[in-house]
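Below: the structure, in structure tokens.
Order of writing sets the chain letters: A, B, C and D. Residues in each chain are counted from 1.
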């Protein structure tokens, strides 16, 4: 059943935590405290929260380098995530993985991946394992619309179709892959139509509407648990910030971004909360709570130790 | 325009040359004179001849390890092909390539390939070159229906679609990939429907009817030359022999094969020749000519020298 | 003791591990109903069913990636690549994924997958079906690389690989499948990372593995009448390298030749030579040598292929040149 | 003489070759309108148009394969991989196709393609975006592998690579793009296969290339006051290896250290060491050494990454240990 009115405020707080997490990272990045690249998910929070909240903790998930929202929504500890961004030993990967590889099997997060589309077969494999283990967990893979042109995407969809895997494929269509408008590089702009050609249940949803997102994934999960196989969900959204820090964003107009801001998920959920009777005070409280969570995580991460050099030799093999 | 009545007897002879080439190889193989594996195209001659005869000598083509028919139909010298099978220095690849790598750029044969689907992007690249060079040649890629599940197939189709490449994709659907019925491994049995999802012109033809095959490819070539882009042609055919020498063929019944023999391309074209007024004598003459071509090639190949060991160091770099 | 072929020994190892551990399952092209092009999975589908012996489409990245995903959630997939050459279409999944996921996750996940494939030349299969990739895969931290030369080692090492709990590249050789050898009925595990002295000798140490190990043994027999007694070490595991066994041997022989079918350039031979000069610089009376394939793609014609790949006679010549 | 960054020098090379030869064209992700994530193809689309400076989908196998096909029919494609790590998703096209097609065709075709990519660590990009693949690709017969360390070498070698008429893997380093250096206005070709002595010295030969070449030069300066004068050789081309320059140098120095960022196992360092003992066994007074990345995936945290990848201080230490 759909998100209850009780859950919506919590979803709002979760989306705010993700938003503020990315804002905090941007500050740290500008202070030169973050190494490597950072691919913010600002503007795409509803896809992550709507999808992950339709999953059980034991359901598995893989995502991408733009995966902070996915990971936090699935239950990754905020402190561990923040510490990982700072390369601290208390990080979710002990500082070895960084921004692009958040992982926590305890919450079903099998891993964010820095290779486009590479995490899709991992989710499919977890779905296959569920079948073999005769368990009823499902697997969900997040990927961008640019990933549909990568070979392993295609191979995975065919395998998911012939084996009727309990798999949910969530394509986050934010219109761009890096600095390229995806309609220039993808023959079928509506990627869910390509997915349909494999005989997979396919649909498109408004990825900035957390309720629509939740409902679509919840239905797909129900089908998957019922042995009805894989569903492909194309979630239409928009990346409000650049592809990564330092992106000059010459490929799109200020107007386009300004317009997108009016339709962004947090603004919309905020409106919705008022519709269902939340007061400004209620909303302010949620925002304060999110602030506090991030501030506390930041404090934790900043005060944590960096790994000892020799730690590099650990965690190669089980 | 379609194959003239004058061309049909020649097409028959060409198909017989291919058939008898494979029969000769089988004999050599049984005599232990052929190294490596041999993937016969017996039963699929009409696809090769119908398609290649709709091409100009300067049109480019890539094919597969099951490519003897494709190569000969495109114009590869029969002696050079036979000598290559025997690993002779007079072979089309000087004995370095063998059964799976027939190549002759002089007739537009860019190469047979032993990696499933790997030759498809090469044809696409040649088609791109035609665009860049402002020339009107086209490129054609042969591949089996099992190749549609390989990532690079998918990547190539999208690229062909977005760049409107002068490319013809010929899927030889012989129902099996190795020992597996392809409907068990491919979610969309009608592969041309998958191709359609890329926005590529797609159709299915009777690949055992050399005239239908010729007409389909001729039309696709005309479109490609006219700048109308890529066409995908699924040619339905059947592999009368095993996947390779030594295939026990337990995956199909004798009845199935027997039935296929009634519908095989040479039997059918033989009927057709009589319809258009060829006498038994005319047909017998064509068969004798084909025999002679193969006998002469065999003679040439057997009497050719093997490469000197040090020749191994040549032909790595231009 | 029973006499088995290399392929039969592998088949037994798979059968025993599948019986012992329900988490073990197989994926690959034509491994089910057909029992594998090289018969390694023969009849396993009859005992374990199509669920655990899965025929796949021609989608190596896809099904290797799925093996990784299944391993991440506790399964023990054994994935077959029909030819090692096709590791190249699945290279991202093997090198960027299987080898690195645990490390990038700070040890919170593991990837207990075995990727099996036959490799090598000698059959005229041509440049795209005759390669040897152990030197490449040994460069990749996070991968274990195994390459047995006998039926007994094949069985014992495959069982150990399936239980290793980490990504193992299990290398078979197309021309070893029909070779026969004794396999102890009570054959159990052969440890990963342990080389085996297949022939004792005092005059020179020849290190090899897989098919060329047998060439090395032939060469040793040919050298014996000439008064040269070669010690032949079978690496069995390529990564991690068992340097102890090698260093121990050259203490006695003071001469070292490494032989492999893989190309010489940046090969296991070069690695062993470099390590010997790092770890026991003064142990040799003549410079260490390695013998690998000549630096060209593998040609088809017999006269060419035999020239490019190291043969027994080449080993004999190389050894004689060291005295 | 003008001062250019490494990226600008590469950009000039591409521009000059595209002006001189209409067969040259570029493919890659965001190389056109955006001018490349690392700005190497900056503004080229303005002069040469979107036909010759082609933005591609995220389909590395597809567009590398198309580059090969275009090369087969006479074009001169220069294909960019955004990170060398992604060579793994195109590995079949690079290793099974580009490197072998000419040989398998008995020399009747050629594959004049350049595959460019930046590689290496030092930026905290993590295990899937920090690898060094030269030792792998040098194992593959049919590939030329180039890795310049300075703007002048980058320009001269890229021009030579485009004209080479064969498959060239052109390796750039993400942390060299903004380094500056003099580039002769009349800069012409720098020959493939020729190493360069970047610093003369009599006491030890340090062989390196790409980013670690600069660490070697720093180390040499640090060692000089201590009375050790190192000769620093920049390989520039990884395959074919210029052994002559190395052997000539150690005639004078009698000591050899090879340094690279790639992992040590089966690396260029091991290859050079093995060749030195084969070709000039008695030329060294202390055993040859090599220094590469420690055998683990590349971690993100600075304390870890700096420990795993060879640093200037590590080179100094290694050299001192050889005296």
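Observations, loosely collected:
Note that in this section a residue touches a chain if its C-beta (ideal position, glycine included) is under 8 Å from a C-beta of that chain, and two chains touch if they have at least 3 such contacts.
Model, not experiment: these values are computed from the prediction.
When the C-beta contacts at B-D and at B-C are tallied, the pair with the greater total is B-D. When each chain is reduced to the average of its Cα atoms, B sits farthest from chain D.
Averaging C-alpha coordinates per chain places the centre of chain C 30 Å away from that of chain D. Centroids of chain A and chain B (each the mean of its C-alpha atoms) stand 46 Å apart. In whole angstrom, the spacing between the mean C-alpha positions of chain B and chain D is 40.
Between chain B and chain C, the centres computed from C-alpha atoms are 36 Å apart.
Shown for chain A are the residues that touch two or more other chains, namely 93, 95-97, 101, 113, 115, 149-152, 155, 158, 162, 184-186, 316.
Contacts with at least two other chains are made by residues 56-57, 59, 61-62, 85-86, 88-89, 92, 96, 103-104, 126-128, 141-142, 296-297, 299 of chain D. With chains as nodes and touching pairs as edges, the resulting graph is complete, every pair of chains being joined.
Looking at the complex, you find that chain D touches chain A at residues 29-30, 33-34, 37, 55-59, 61-62, 85-86, 88-89, 123-129, 294, 296-297, 299-308.
Listed in rising order, the residues of chain B touching chain C in the complex are 35-37, 87-88, 93, 95-101, 113-117, 146-147, 149-152, 177-180, 184-186, 250-251, 306-313, 316.
On the chain D side of its complex with chain C, the touching residues are 61, 85-86, 88-89, 91-92, 95-96, 99-100, 103-104, 126-128, 135-136, 138-142, 239, 262-263, 265-271, 273-274, 277-278, 281, 286-290, 295-297, 299. The touching residues of chain D, when paired with chain B in their complex, are 25, 51-52, 56-57, 59-75, 77, 92-93, 96-97, 101-110, 112, 141-142, 144, 165-166. Residue ranges on chain B touching chain A, taken from their complex, read 149-155, 157-158, 161-162, 184-188, 193-194, 196-200.
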